[in-house]
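Each structure below appears as structure tokens.
Paired with chain B in one complex and with chain C in the other, chain A is shared by the two complexes that follow.
Our next item is the complex of A and B:
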């Protein structure tokens, strides 16, 4: 493995570790900081790839990852919970942290295995399975968490997975920067608008507290 | 080929709703409403002219038309136009709207624009952006009536739909790596070799876009969003948003040669059958009439996916079903909106005797319930009949049997529940009702007329485009 591939693989492992950490955390503030770290690591990877391939698109994506997913959205999320930052915890998840962590590891292994069996021959790059694993981890977070802020974090993780995949094995994908900008816009809309409305209308950020929709 | 005048038609299609989305923000509600209406009418007129002239081909690098997109354009712009007109009466009765009328009309126009964009772009990446834009434009519309349950519905819709679309984006990445292009027309004209990554891309696109179509088990957002959105928006969700998402999948599906590999058609059949059956049985236990209508839409999407999987005549039937259902279901939601405004509830058990309290709406509702569930002579009946016939012709007797069961169960569920609300004996004591809220039922009758015409009269007009679309998608028609 050459030096550049080693950097990509190492940073990729770092991103995977943050994904596993996010699954095993129930306090909201560390979760927000966790996704910021993951986005920063992704930005490092994108920046490295941009430098080695002289790609302007990848440099823009790195900038977006820093500005929006490591900076703006975590900042807004932390402001949402500023009054009770250090004690806000997802109780539903707190009782099941061990289960979530085990499920996350098991899913990561399964996703890795599936990738190796199906797509590894087409994507021989080192760590090419990692975006696939990250996508599955993001979906797991969306499926198992009920706090809206944590669900936003799951969404951001999914977006990181797509950007990671695009940078790693689909360079030249038309309009990829525009697509990512669009995902970021949606992320900001999610955070800035719907979270605010939810606080105003319901006074809570627990989706589980809303039980009117049934059937 | 696209003729001299057709770029103008395409231009109007895109410019009218986008201009309306901007100009509707003018701080004069009457002007805003007029602008939104003008944008919708112009877009519908452009779609009708393009369909009537049979203009197909490519315009520039990213725009193009073919029979499939023309049929869907007529459907989207038709329901968009009636929903815009119906909105006025509905908005007047919203007590504490979260959005001003100007913002409402701007978002509704932007929502329609994003769907139209999905239908006229030829690049699968742009198409994905269009589908994602429908989420951004419509999420806030769900919150119009400022209920906690509306916020939850908007939240679930945004999150679940976006998660699904992320999977669809993964599918496009795989497709691009495998084929080197995302040009839908080019891929359709020269299908790539069927390799595992291409098959995986189509399968992931089915899961991803299927989330937005409301396929089981990714459907959790659908009943919530449809039931909590204001009725004109629900009409657009049920009538045209779900088919538009299905259209985006069809464009990816079309990269496969015809007939598609068995693994993909089996997957489509599995999703279609599960969706139709689950929705048909869930219809029976609904307490809210808007959720009832939402599950009915889900059942129709399941049937359409079954038709696509079978191909040939069944695929042709699926397209007829989608178009007729769009108009019939929007009519049902307009009636539901009137009932909600008048009675103040969407609980089925709290509504009775509409035949006397709301005669015009009550009659339209009963007819629209029959239309959406495939009663003859509506276009939905023809579509469902062709799906069953196609299954039998393909030797899939068990599939035909399952389709018939789903149709019958859904038919009984929807019609019995709406029949009870319209013809049931008055409640004792009677529920207080608002007066003067039975406006807008004319649009329900208008759309019901279209659904009826598709079944009895308009097919010769629509048939060339529908047949062209079915053949394009890989069907061989007698």
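Our next item is the complex of A and C:
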């Protein structure tokens, strides 16, 4: 494995670890930071690929990823929970940390087997399964969580997977398409934020339950 | 087999036996510093050991021979491990071919199991509580250990710790490979859990750890001394394996001479003190997790270990 592939592999595993963290975290504020870190790692990957392939398009995408995914979207989401940042938590998720972590691991393995059976012959390069695994992890998050903002984070994770896959396999993609993907995410986040202004959509704060000192 | 190898063999066993209380003593003292105390002397574990060996041994009324024999069996297991894992040599010493990595893990398991049996045999509620708690969490820790062995095996294609040491010391790309980094992280978390360190078990001046310490609650006198020594041996061996095989595999003198082995003892001490420093730092900065959250801690360690093997499968290289 040459140096470039090693960097791609290390960053890929870093992104996978953030996915594991996102699954097992129950507080919303660290989750938003977690997705920002994941986006930042993705931007590092895009920047590295831009550097090695001398591609201006990828460099612009890396810049966009930092500005939109690691900067703007986390800022908007954190603004949304600013007033109750330290209490905003999904209590049910807090009781299932072990289950969520093990489900994330099991799903990663299943996703890898599915990838091996279906797409591996088309994308034989090492690490090709990682975007696919990340996509499924985002899906798991959408399925297991009930809080709107956390679901938005799961959706963002899926979108990160799409950009990751695009960067690895479709470097000849027109820039226009990639930019549209980014703006698409922005639109979805805006809609979600507008929706979550209604508190019943955000989910209750579970403050009463938090006072109970349940083990 | 020439005399130099024999001497190195004995030297390695002696290093583990005699230096393990010292490492524990240094850890106690440094931990005291983080609590703004001057702490006991670093030789305190030796004084403790001498005291325990002089004291009278009392046996619980209902206990059987298991209670009496267990500390000796555990001590024997640790003594055997001390001559099969890389401690002061980067090359296998004569006994090393007895067992591989997995076998070493089984020996640790044997020592742990007989200690548990002795705890249950004592008939004491406290010891049984410590035993039952240890087993509940061991059920989560053991799979991690096995997966760590798998990960080590996929890195080198063999389950021999000496091969792993040589490969990691000679190849930077193998050292920086995701599989190795993840398995090192997983093993470090496991190390904290297995040696009763802070996020998992809290042992202090006013506090009695209820996992590892709880099991030897009923032992006294020589048996207690032996049990304490077993704890230090286990810690020393796990630390040695961690620094020599995973974290800092570099720098050992490969010449099969007594002089080279003695040099490596000094190097090992430096590495171990570094590790103790890191662990004291961890202990000073993290809070103890609640009992039922220990499972989450171990699940994280397990996930990291599985991801280590997973990274190998996905990336195609260690």
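One rule holds in what follows: the second predicted complex is superposed on the first by the 175 of 215 C-alpha atoms of A that agree within 3 Å, B and C clash if a C-alpha of one lies under 4 Å from a C-alpha of the other, contacts with A are read in each partner's own complex, and residues count from 1 in each chain.
Methods note: contacts are C-beta pairs under 8 Å (C-beta built on N, C-alpha and C of every residue); 3 or more make two chains touch, one makes a residue touch a chain.
Small disclaimer: the values here were computed from a predicted structure and weren't measured.
> When the two structures are overlaid on chain A, which partner does A:37 contact: first (chain B), second (chain C), both, or neither?
neither
> Name the contact category of A:68: first (chain B only), second (chain C only), both, or neither.
neither
> Chain A residues in contact: does chain B have more, or chain C?
On the superposition, B touches more of the residues of chain A.
> Using the touch definition from the top, say if A:105 reaches chain B (first), chain C (second), both or neither.
In the superposition, A:105 contacts chain C only.
> Quick check on the superposed pair: does A:28 touch chain B, chain C, both, or neither? Answer first, second, both or neither.
Neither chain B nor chain C is touched by A:28.
> Once the shared chain is lined up, is A:127 touching chain B (first), chain C (second), both, or neither of them?
After superposition on chain A, A:127 lies in contact with chain C alone.
> Both chain B and chain C contact which residues of chain A?
The overlap between the chain B and chain C interfaces on chain A comprises residues 215.
> Would you pull the chain A residues touching chain B in the complex into a rising list?
By the definition above, chain A touches chain B via 118-119, 122-123, 132, 135, 138-139, 142, 148, 151, 154-155, 158-159, 161-162, 165-166, 169-170, 172-176, 178-179, 182-183, 185-186, 189-190, 193-194, 197-198, 201-202, 207, 210, 212-213, 215.
> What residues on chain B touch chain A, complex-wise?
98, 123, 125-126, 128-129, 132-133, 135-136, 139-140, 143, 146-149, 151-156, 158-160, 162-163, 166-167, 169-170, 172-174, 176-178, 182, 196-197, 200, 223-224, 227-228, 282, 285-288, 291
> Can you list the residues on chain A that touch chain C in the complex?
1, 6, 9-10, 12-13, 16-17, 20, 24, 97-98, 101-102, 104-105, 108-109, 112, 126-127, 129-130, 133, 215
> Touching residues of chain C toward chain A in the complex: what are they?
Contact set of chain C toward chain A: 173, 176-178, 181-182, 290, 292-293, 295-296, 299-300, 302-303, 306-307, 310-311, 313-317.
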